[in-house]
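One chain, subunit A, links the two complexes that follow: it is found with subunit B in the first and with subunit C in the second.
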Partner chain A sequence: MKKTNNSLIRREGVQTLLASLLCILGGFLIGFLVLLIIEPKGAFEAISVILKNFFKFSSGRSQLKYLGQTLVRTAPLLMCSLSVLFAYKVGMFNIGAAGQYVAGACAALFFSLYFKAPWWVCILVAMAAGAFLGAISGALKTYCNVNVVISGIMLNWIMLYITNMVLSTDGVKNPMSPYTIQIRGNNPQGLLPQLGLQSLFSNEKSVTIAIPLAILMAIAVWVVLNKTKFGYELRATGHNFHAAKYSGMKERRNIILTMAISGALAGMGAALLYLTGIEEWETTISSVPAMGFNGIAVAFLGGLSPIGSILSAFFIQHITLGGSYVDTTYYCAQISSLISSLIIFLCAFVGFFRYAIQSHLRKKDEAKLTKADAVKGGTDV
Partner chain B sequence: MILLLQYTLLFASVLMLVALGGCFSERSGVINIGLEGIMTVGALGGALVMKFLPVEAGGAPLMILATIVASAAAGMLFSLLLAVAAINFKADQTITGTAMNMLATAAATVLVKAMNTAASGGSDVSSDIIYTRARDTFIVRLGNFEFNWFMLVALIALIISYIVLYKMRFGLRLRACGEHPQAADSVGISVYKMRYAGVLISGLLGGIGGIVYITAGVSSWKFENGVAGFGFLALAVMIFGQWKPIKIALAALLFGFFRALGNVYTGFDLLKNLNLPSQIYNMLPYIISLIVLALTSKNSLAPKAEGIPYDKGSR
Partner chain C sequence: MEQYAVEMLHITKRFPGIIANDDITLQLKKGEIHALLGENGAGKSTLMSVLFGLYEPEEGEIRINGKPARIKNPNDANDLGIGMVHQHFKLVECFSVLDNIILGVEPVDSLSFLRKKRAREKVMEMSRKWGLHVNPDALISDVTVGMQQRTEILKMLYRENDILIFDEPTAVLTPQEIDELMQIMKNLAAEGKSILFISHKLNEIMAVADRCSVLRKGKYIGTVNIADTTKAELSRMMVGRDVKFAVDKEEARIGGEVLKVEHMTVASKQHANDAVKDVSFTVRQGEIVCIAGIDGNGQSELVYGLTGLESLKSGTITLCGKNITKAPIRRRSRFGMSHIPEDRHKHGLVLDYSLEDNMVLQRYFEPEFTNSAGFLKRKAIRSYAERLIEQYDVRSGQGPITMARSMSGGNQQKAIVAREIDKGPELLVAVQPTRGLDVGAIEYIHQQIVAQRDAGKAVLLVSLELDEVMNVSDRILVMYEGEIVGEFDPKQVTVEELGLYMAGAKRMEVEA
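Moving on to the complex of A and B:
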């Protein structure tokens, strides 16, 4: 028995990885079918373009440059997924990460452009703004019994309109366009420092310490959740609210605090994107940015582990950017969002998939046991 | 003033239809966060009929009927995703619903863009569907007031929902599955079938709600935006309405009023003189719903078994 217990497929991590790979495969298969239905001619090429992303460039220099840009956009996505998974470990589905991300963008850009604050101040206020929004959701949950999903969605929309309003202030918005003014020209100390990292990526301007910072945060989240008393309490609250309460944990404080931390992570994600100067905020957008929602996909695809999230964040960002290179005579860039939403949909089946593997293994064990019994049979009675 | 009344009734109709849909699903025990996506797909189904069915073919009655049938069918088809995942595979209903919302917008955008691109030979890559002429057939002008046939549809849906849920055997069984599925099963009710019925009805009503929403004030729709959070407002209406049809109708009127205010506030001197940015009015329905939920959720009458996959083996 000892030998079979250690076999690869029995490890939880391996099962999760297998399930995630299956989700990706399924997502691409269905996506491919949709492309075939729309226009069979370019379907195969479109999928390969999505999978290739920056590899489509022939020269090594541009490959590195666009790899850099992919990584720059991976950092905020990773932060959003950390936000989602942190809350999920405590039993809450933080769909409000999208709004907390918007709050972070609002605070970071306003402090950077209006007050000309240095970058680290902007990151801190972005975290505070996200935390504030998350704490509202948490407080509504504990004191008023409002479902976190519902309050999160309402706050997403409220925050979107507030942000559009705040960032339309004179001196923040470009009077000629719907976008905010550039940080690069107006507040150079508001840009995240590069520390020479850009030299690794063909001097891509937007490569900054955001990338290592996001990875450090992932490790920090893992440590807090798995190696500290606080993390243990949070997970206990998530497993069984009442048991946590009766063993003396402050379950209300824990829920509000969790949502605040979760919000801070998402808010910081926005700061890590906008403070690189890679893009500006569009003050006329009428839908909540997809970053927060994609964070949900990343968190579940990564098996709800901070380390898994690093890989899945890169993958989702990779195919999202790959989508923008698709030949537009037949298809559009949203094919990537179609595929990632299919992947999340399939992720909902992960529990079922793992259950299937486990019950298969159990049956195998039982069959082996009865066989062993039958052999021993006569002597052993 | 008449304009405000008109939009209030129209938006209330949308919210009522979708929230009633949600009510059926949740009463059977399945949380339906995917209403937003169901609305988008339903709207797409209806909009395609409105675009391609010539108005001359059968006049207003045929157009109205065909649009409703197409929206309802599209909504039901899409809601099957939730039904299969949540009922047969015991998947997490919140994740499934969230994925459906994203899937609906992405799929609708991809399809409409592909259609526009093919039709225009590559010059039009927008995700818009235009249906000006078909939309006119839904409207009957009574003086300044534009009566929309969908208002009547919503009213009928409300009456039928009430009768089905409270006066028919089917409704009693459906509600039993949402409160205590094991007990329902023990007296011979098929929980799976009831939950399928609940989810499919939510697809039907949500789909119709979708087409009513996109034709409410405009004659073309950009599918990239989905339905801009309206499905979630409907969920708030459902919760505020305590999962009861009559209360849902009243809640829908209240929320519809605030939503309508955003469309027509420039017509009131008092509000215009306040000089508030339009974003304030856009935010209003969401802020109101958050406050209302905070005040009313404490004594929630949510179906007890909602969100829990039914497992025959558990007690």
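Moving on to the complex of A and C:
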């Protein structure tokens, strides 16, 4: 069949988008059902609050302010999803992005609060810390054949407790609370510059260059993967390790380098959050922050494309924050996390839905062809 | 109609864009050996998949022993007494021969404990009766390919299958083992078993079959009595035109030494022995040196060592006067080595890359295709790929942007051949370059290899096909258990003689 059907639905991008939307819809339906089962009275309102997020505020000023906050938290999430998808394109599942994110937070906050370093130094050390952790996973994979998922999970926990320890140092941790001290008061040059961006969002203090920086990184990742010799090598290594070796690529170096870059992206994500001063690190937390894990869902929901990730990161952050506004008179406080995690969980099904769409189209083609052949009497092959 | 064991009547199976089986009728008489002949892609495998219930045909009927049968899965086929020896054996390597035979139909007592003694007696009795010599306690990984095949046959007989299908059974055997298999097949048929013998080797069909059905491009061409036909007629039916069995080539004009391998030893990944033991040879300009041997005698490891995919345990390799023993793969390639790998899917291609990206797999980093900032020159890659596609007649659905995965095996191989030859190598290492290809593609690739030789390049060909070895090469080295056991001029040696060396029955001392 030389003739190809070029209708919209046959384009891969459209299929991915459709699959993503189906996932989101499915997530909301199941979330709604759960709310209905728990308490039918508030279900409709609760689900609409999650969808609305900052739109629930009536004044345009507050809406803009909370949109700003959503965007501030979108930037690190986008970075984590870039980290996941970069490794994924090279054939590795970097679940260690969560730990690399923690490493980045540790390095950025320590350099900012202890050494009073300027913001750009803090970003660089955060990237270096994430890269170091990623490179460990990569090296374990190439030299000892340890699956990066296993080493990633282990390193997540190791890094969490190291971070809690490091950030409990005097002069970094607030002696009165489990949190680190504020950058705003102690090291003003450690805060990311705002360049007037805050004026777009009702002077929300946390709006900084982090947001455009993350978007630039997404574009950079896309360019590197698709346009450069380096990206060509990395993707070849990911698709077929043996062919990469056969053609003389340094396949081991490529894997370690990929994990290092992936780690650097996650580490930078943490810096882009904590260096805005929007929150402090809690040195007593005993679970790895969800940011890195959510990056996995974002990457898949975005169809594993850096550009798609920008949209999906915003969406996931939108519903996560929206969830925190759910009325707790009907529901317990954890309900928001439950609903948003249900939706995020469903988001991992993009591949499945895309496959379903494609096989549906294929079946239609097959039926058409068989019919055509039968009419023709089945002539040439 | 009572006399047919299997009847597949007017079977039609369509796939999108292709009719794999178009009104095919195959009738297997009880007690006969019936050959099914056809090129790759003729529809033999599809037909067998229909028989085993893996595909449901759109039209047609299957009758077993005269009764219409509905076969939905391989278990149904088994229940009807149909058994198959696959081209690639389905054996558990770390189980014994006996365990493999009883696998799935283990004899147990009322408490589900294994009762192997009874099974062993039955197997030994069958083994004696049919002349299928096996050692029931040896592990599959330790026995010869021939014994593995006999184990597969015993598996069918143990299940009391009466309809036996052999899928390309001789591909992995030595000439002597092939003779034995032919005898076994004749014995089985004489005892009333019905045998379907799938092959594209005409000599074997002429030697053993009673009748032969021929398929071509999904269509049924006809069924002939072997007694009334000739090899030439069968090949005409199979290919649709007269086939040249010999490769046209001029006298070799041999020049200087290109490759010199001295005392090469390569460790094995599977077992403690070395896979390649102290091998020395040379390849000169303008000659095709062929390494012949039965699969698994160290040829793959020899190539891995030579091309840098694995490191040597000892020995030296010299290419065009430069010592490349420890050189990385890329440097070997830049010194003039091209490599058509044995496994085109594992090494040769990135299947999820487009054809154009695969065409530059060995050269993407050159200034022609990458600018100084590290960006790929997409336009240059496209026009380069277009030139190769045109020049080497690589066919694909969408030209340079076709995914390699969606191309046919023959065209995938042509793409690799184009890429490796266009690099302008001093030494071309071609490993089973025609495996699994149809006659047309084989002819083409042989022509390309001979053209390289005539252009004064050195060619090292590794092949398991004796016809290819005899027709293409200028010098033959036989490998057996990791050593070179003989060196021959193809004009002065017979296939039978080569077979003795390949099986390890004879050896000569070869000087380096």
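Here is the rule we use: the second predicted complex is superposed on the first by the 331 of 381 C-alpha atoms of A that agree within 3 Å, B and C clash if a C-alpha of one lies under 4 Å from a C-alpha of the other, contacts with A are read in each partner's own complex, and residues count from 1 in each chain.
Methods note: a residue touches a chain if its C-beta (ideal position, glycine included) is under 8 Å from a C-beta of that chain, and two chains touch if they have at least 3 such contacts.
None of these values were measured; they are calculated from a predicted model.
Engineer: Considering only touches as defined above, state whether A:Leu18 meets subunit B (first), subunit C (second), both or neither.
Structural biologist: After superposing on A, A:Leu18 lies clear of both subunit B and subunit C.
Engineer: Determine, under the contact definition given at the top, whether A:Leu51 touches first (subunit B), second (subunit C), both, or neither.
Structural biologist: Neither partner.
Engineer: In the superposed arrangement, which partner chain does A:Ile215 touch: subunit B (first), subunit C (second), both, or neither?
Structural biologist: The answer is neither, since A:Ile215 touches no partner chain.
Engineer: Contact-wise, after the overlay, does A:Val121 reach subunit B, subunit C, both or neither (first, second, both, neither)?
Structural biologist: Once the two structures are laid over each other on A, A:Val121 reaches no partner at all.
Engineer: Quick one: classify A:Ile38 as touching subunit B (first), subunit C (second), both or neither.
Structural biologist: Once the two structures are laid over each other on A, A:Ile38 reaches subunit B alone.
Engineer: Between subunit B and subunit C, whom does A:Tyr246 touch in the aligned arrangement: first, second, both, or neither?
Structural biologist: second
Engineer: Now for A:Ile307: first (subunit B), second (subunit C), both, or neither, which partner does it touch?
Structural biologist: neither
Engineer: Touching A:Ile278, do we find subunit B (first), subunit C (second), both, or neither?
Structural biologist: A:Ile278 sits against neither subunit B nor subunit C.
Engineer: Which one hits more subunit A residues, subunit B or subunit C?
Structural biologist: Higher number of touched subunit A residues: B.
Engineer: If you look only at subunit C, which of its residues touch subunit A in the complex?
Structural biologist: 12, 14-19, 22, 58, 217-218, 307, 309, 328-333, 339, 341, 346-353, 357, 361-362, 364-365, 370, 374-376, 397
Engineer: For the complex, which residues does subunit A have touching subunit C?
Structural biologist: Contact set of subunit A toward subunit C: 1-2, 227-230, 232-233, 235-236, 239-240, 242-249, 362, 365-366, 369-370, 373, 378, 381.
Engineer: Can you check the complex and tell me which residues of subunit A touch subunit B?
Structural biologist: Contact set of subunit A toward subunit B: 34, 38-39, 93, 95, 140, 144-147, 149-151, 153-158, 161-162, 164-165, 168, 286-287, 293, 296-297, 300, 328-332, 334-335, 337-338, 340-342, 344-345, 347-349, 351-352.
Engineer: State the interface residues of subunit B toward subunit A in the complex, per the touch definition above.
Structural biologist: For this pair, the touching residues of subunit B are 33, 81, 85, 89-92, 94-96, 98-100, 102-103, 105-107, 109-111, 113-114, 117-118, 122, 125, 127, 224-226, 228-229, 232, 235-236, 239, 277, 279-280, 282-283, 286-287, 289-290, 293-295, 297-298, 300.
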